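Below you'll find the structures, each written out as structure tokens.
In what comes next, chain A is part of two complexes: it sits with chain B in the first one and with chain C in the second one.
Our next item is the complex of A and B:
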């Protein structure tokens, strides 16, 4: 970072003020003492770097191009408790909010693994789920070559914050040549009662050569306090391996959810991501897929269903750094109330990535006048023999379609529901794993039903 | 006999422009009425107003259906009471499977009428025979509603919906246009099969040919927003021979 001493000087002089405007900076040193694995030089170095990066940048502000449409002031203004552990008084997984699916289950409460709520796979299931500290003790090399390497802190303040503060995390490994039958479901529960709390879920996924598997994430909340989940996932899909990675963001309506996933895709790797965002007050999901080998297939799909005053951002970056790979991206958004959606999708095709085939599309449906979508699709191409396209649309429900349905006896709310469901369905259909697709459909149906009962209540109170 | 549908002095405008300028029309149970008239005279407008589409100002007149003020009802309520419009241009709805749509519609109607809802099996049983009679395959039924259907397929699909929903008053807006001769027979047979002393029809068409198959009790000529002549089925033949020129004066009056 080419920062001149003259610029640095005043910043040092205003340390107190800087800390005030850069939340969480004051807790970095205290945390450093108590993190698992301390004393390992590589890990200490990584965490020191993370602290330095975060101190330097703090939470990204609106002047940072990538954060132009998502303002973190609301987060900045919220004061968080020093420790999220005391608030984590959860002894059952709240039903109804997470994906409903038969799977191995790993439960985190405020970022901390809870073995008694989890049911992890056993030897022979083709997949291992380890707690970060256990993996570190048992197989340090597994982590050393990947942790903080797939998603290095440099230039990524939220990744830096997570790396500097994460007290726990999960390591999931799919064994070479094996296909795990049953998905692994990570249920991350945010629990806050009084004072707001923050936590740093951390995930490392390794899909070894020619292995295959499916990971689901449900991010949900309980209690009525504010919490901030700042997650980081590092994903390595090795040669010829396949990972299906599906995420539900269904956080508490007052929650902050920021998450960054970085996927490193080797030759012939197949990575399929789906993200459904329905929850949270302010949320952003970032996916960075790095195509590092030939003939990779990278599919990113997602949907965001928003109402009230929600602000939800989907930011994706597909980096084609190797030839002959395919990327597909389809996101669909439905926005009601005064909700605001953001979609930023960038495809970079480097000079050597000849024969790249990349398509990206974001479509938004605005159900009310107050709703707003900002779409920023971007193509940056340095290779000459490629097939790439991108697009973004925003529109309203088709009045003719609505009337056609009504003219057959279907009331307006149901008719709207059918049309919205059909619109979102195109994205849900991208989920290749059938049981997961069903589970996500249920969430969409729940969201629509919630809207109908809300309309009815509004109608009643008007009458 | 009390009329099923009674339209009195109906004036309808879109924006500043008056399209229907005082239409009177009475349809009794079991009767089939045909409305003919040049392009742009307000035939589809009349059908949309009956079905309750937004965007039309009813500036004067009344419509009574089964003794009720039709204009006070929402579109879906009108459908539940038994009004069905076969659209001149059926709408394509991507992502909504034909079967899902039709089952939702049928169950909405059944619920309104106090009948139990049909499950998937009962529904298919109800639909299959009717679809077969109209040459509509299971595959076509499952496809997204009308998406990629040919003009003729869309029209047959409209008639299937009518057969499944069993309305009291079916308004067919140019259901014959775009049909080849064989399809016309299939559709006409479908419509004729629905004729009953309790069911009335309002058939909008440009061609007397359709009326050879579906023989109307009454024929009306709509010109420039007014019914300028009414008669029996022979009126359709006369129009076919002479055209609408003879009514130009009546319309201007």
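Our next item is the complex of A and C:
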């Protein structure tokens, strides 16, 4: 975790040589001219810092401890088009890939907001959704105190890259004391046809004091080209506020998806995150939750269902910097084909965070020969009056359970499906918002059905 | 019995020299301070080594020059000035040694008394320059006779190079290659001595083998090299170190231990490490940078590591098992206690290559004072390790609000039929537990010692009996001053 300031200052983000050949470094200056809000000193300074950080470190290599298991060489080798203009035309939101749920909808295509595809909340809904440029004009101080402050570029090369290049983004604000009834659903569509494209979705969420709300993200793709989505989300959950934040990563099978979310949790804040990753060729979702006030409740859950040659990484970091808080984490992975899953979860309990109660669990199911799971749960604890634990398991389906089902007349494929479903179900159960839970369950069922029909096809061709 | 006679003779001749101005004699044995190719050649020449071994040392030295220091461990210390130490004989020079127990730090003596160590043994441990060395050698050599009857070879590694070159050449560096890591490189280049054990086919070693007597007799220190080979169907239990603290001013200890278990063989290796930890403010103390690794080469072989780590300013140590043979078993039981300013980064690696290989890891870390204790371990299941099993449990206990306890496991599985389970917890000693003990008349310190002993029980009971009793006392002693 390069950005973790611990007492001993472990490994700094590797001292990579300042190197002009770093991918994307050549486009930093050109982009600087055209970004919205240029001329504001704080924003110019922030972007200059971001460019400097990225120039110095570039894409993290495998020698950086936090990237030990996820190698970005494939991304490094791909040449991306200079401009993020959509290469594939998108006139409607493709159905079937995104979460299906009744919600306010904000649609981004290749990182750019598309008002004609969106249906934003109205005044009185308790939540506002603004385009980055509009927010900058209407509420400059709101952005100045948050944007690039919750997720500063220092030590985080991908955040730096996003900060230096993001041309658009969304600002979502839940108003003080109000609970928004309807969730906000952000649909980010990657659309590439010929040349590979890259884009930098950017999100800032502010949940004001005692407010409550739910945000869903669907990351999907259309067209046949390769694209690279490098998203950053900054989240502030203020005193006594509650945020449910659910994400579906269902990118195109050839896509690169790297995303970093940083959440600042104030006193009595409640943050609930769920991430389901099923798509992408190479994907990593990184969540940093900073517990800055007493009696915070932070729940992170997720599932990753992979097949083929997918490589998907879930990295989480919970930083207990204040006492009496609770964190819970549960991730479940199912790996088929020659897929590779990575889970890295760290809990840091700082000196003052007495009475912390932290628990983390990662379980992975390997369904086939050739699949691989790399798991690195980590505890770093400097306070003595705490209760922290973590667990990790890896294995195949329980033979006894399989036998039990078969002995009751259920065929092997169905039995396997049931067991996998139950295995993933435990993670899905963590989603407190009912309609969202149903939407995610549908995606899981779709994934399982795809596997069954694939098995059938394989079986037919063997016979 | 040739070897025995020779040892006795050697010691006698040294003993004789002691009486007649040994200082000058030992002076001759000094290598100049610092490290260079010449020093490596000097050491090799002093030991009359064959050409192949010198070449091996030189290759290691060449590697060492280029290799970076391992930086990933969670320990911090100023850079080591390798040119500022002696690499041959010097550190334990007899003229620096205290002349009697009166010259020893009273705190050290207090500890000996608490462990119930006889006076004469205390003198040996504290390094008092007396002829007592002779006694322990004769004890060691009596055992040696018994062992030789069974065909067991137990001698110094230098002696093994002379007497059994074929075995040493075959196995030395086969588990820990000279280029493994910077500390192992240094050891390979400059090791002065260490132990060699060979247990022949089908032999069950009738007693626990121990370096304790050997080290005192042969004055090896900083750079030990241990090589243990258990041939088919054999069994050996090996003890390293002793429970009493060693008065030793050497800064850097870079030892290498290699274990090889062939078909159906079993090696049990127990360590109680209690080197000088430095004072309360973290001044002085040993850097214990040790590379220990065992290879389960044969089918149904087993290697079991048990360690109780209470000493040293910094511990950097990962006794590991490479489970090559089908059905082979690796075990790691560890207690690491840190107090004051100590830092320990320790754990294990279990590399599963063969079918149905099994490993168990039980690690208990106790941190008190302003110390840091880290468990760092890797479990790796390779694609061919059909049906492999691992169970890992790491528990940490924090005593006081200024220490740190960390757990950094790496779990990598590439076989679906393998089952890997890892659990870790961190907690403190419950107020109610302490209250219960105090209510029954135990002092705070006794209560903590009792509770911590309970916490470590799973590991301590793996130790050979006589060791376990002392280790239990040691647990209490290491935590003195951490409560109240």
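Quick note on the criterion: the second predicted complex is superposed on the first by the 440 of 463 C-alpha atoms of A that agree within 3 Å, B and C clash if a C-alpha of one lies under 4 Å from a C-alpha of the other, contacts with A are read in each partner's own complex, and residues count from 1 in each chain.
Methods note: contacts are C-beta pairs under 8 Å (C-beta built on N, C-alpha and C of every residue); 3 or more make two chains touch, one makes a residue touch a chain.
What you see is a predicted model, and the numbers here were worked out from it, not measured in a lab.
In the superposed pair of complexes, A:364 makes contact with chain C only, with no contact to chain B.
Of the two partner chains placed around the shared chain by superposition, chain C is the only one that A:393 touches, whereas chain B remains out of contact.
When the two complexes are overlaid on their common chain A, residue A:401 makes contact with chain B while staying clear of chain C. Of the two partner chains, chain C is the only one that A:351 touches; chain B does not reach it. In the superposition on chain A, A:133 makes contact with neither chain B nor chain C. Contact with neither chain B nor chain C is seen for A:48 once the two complexes are overlaid on the shared chain. For chain A, the partner touching the most residues, choosing from chain B and chain C, is C.
By the touch criterion defined above, A:409 reaches chain B but does not reach chain C. Shared-chain residue A:379: touches chain C; no touch with chain B. The interface of chain A with chain B does not overlap its interface with chain C at any residue. Residue ranges of chain A in contact with chain C, taken from their complex: 7-8, 10-11, 65, 351, 354, 364, 366-396.
Residues 51-54, 74-76, 78-80, 84-85, 87, 90-91, 93-96, 100-102, 104-106, 108-109, 112, 144, 161, 165 of chain B touch chain A in their complex.
Of all residues in chain A, those touching chain B in their complex are 398-401, 403-412, 414-415, 418-419, 421-423, 425-426. Contacts from chain C toward chain A in the complex involve residues 71-72, 74, 76, 372, 381, 383, 396, 398-428.
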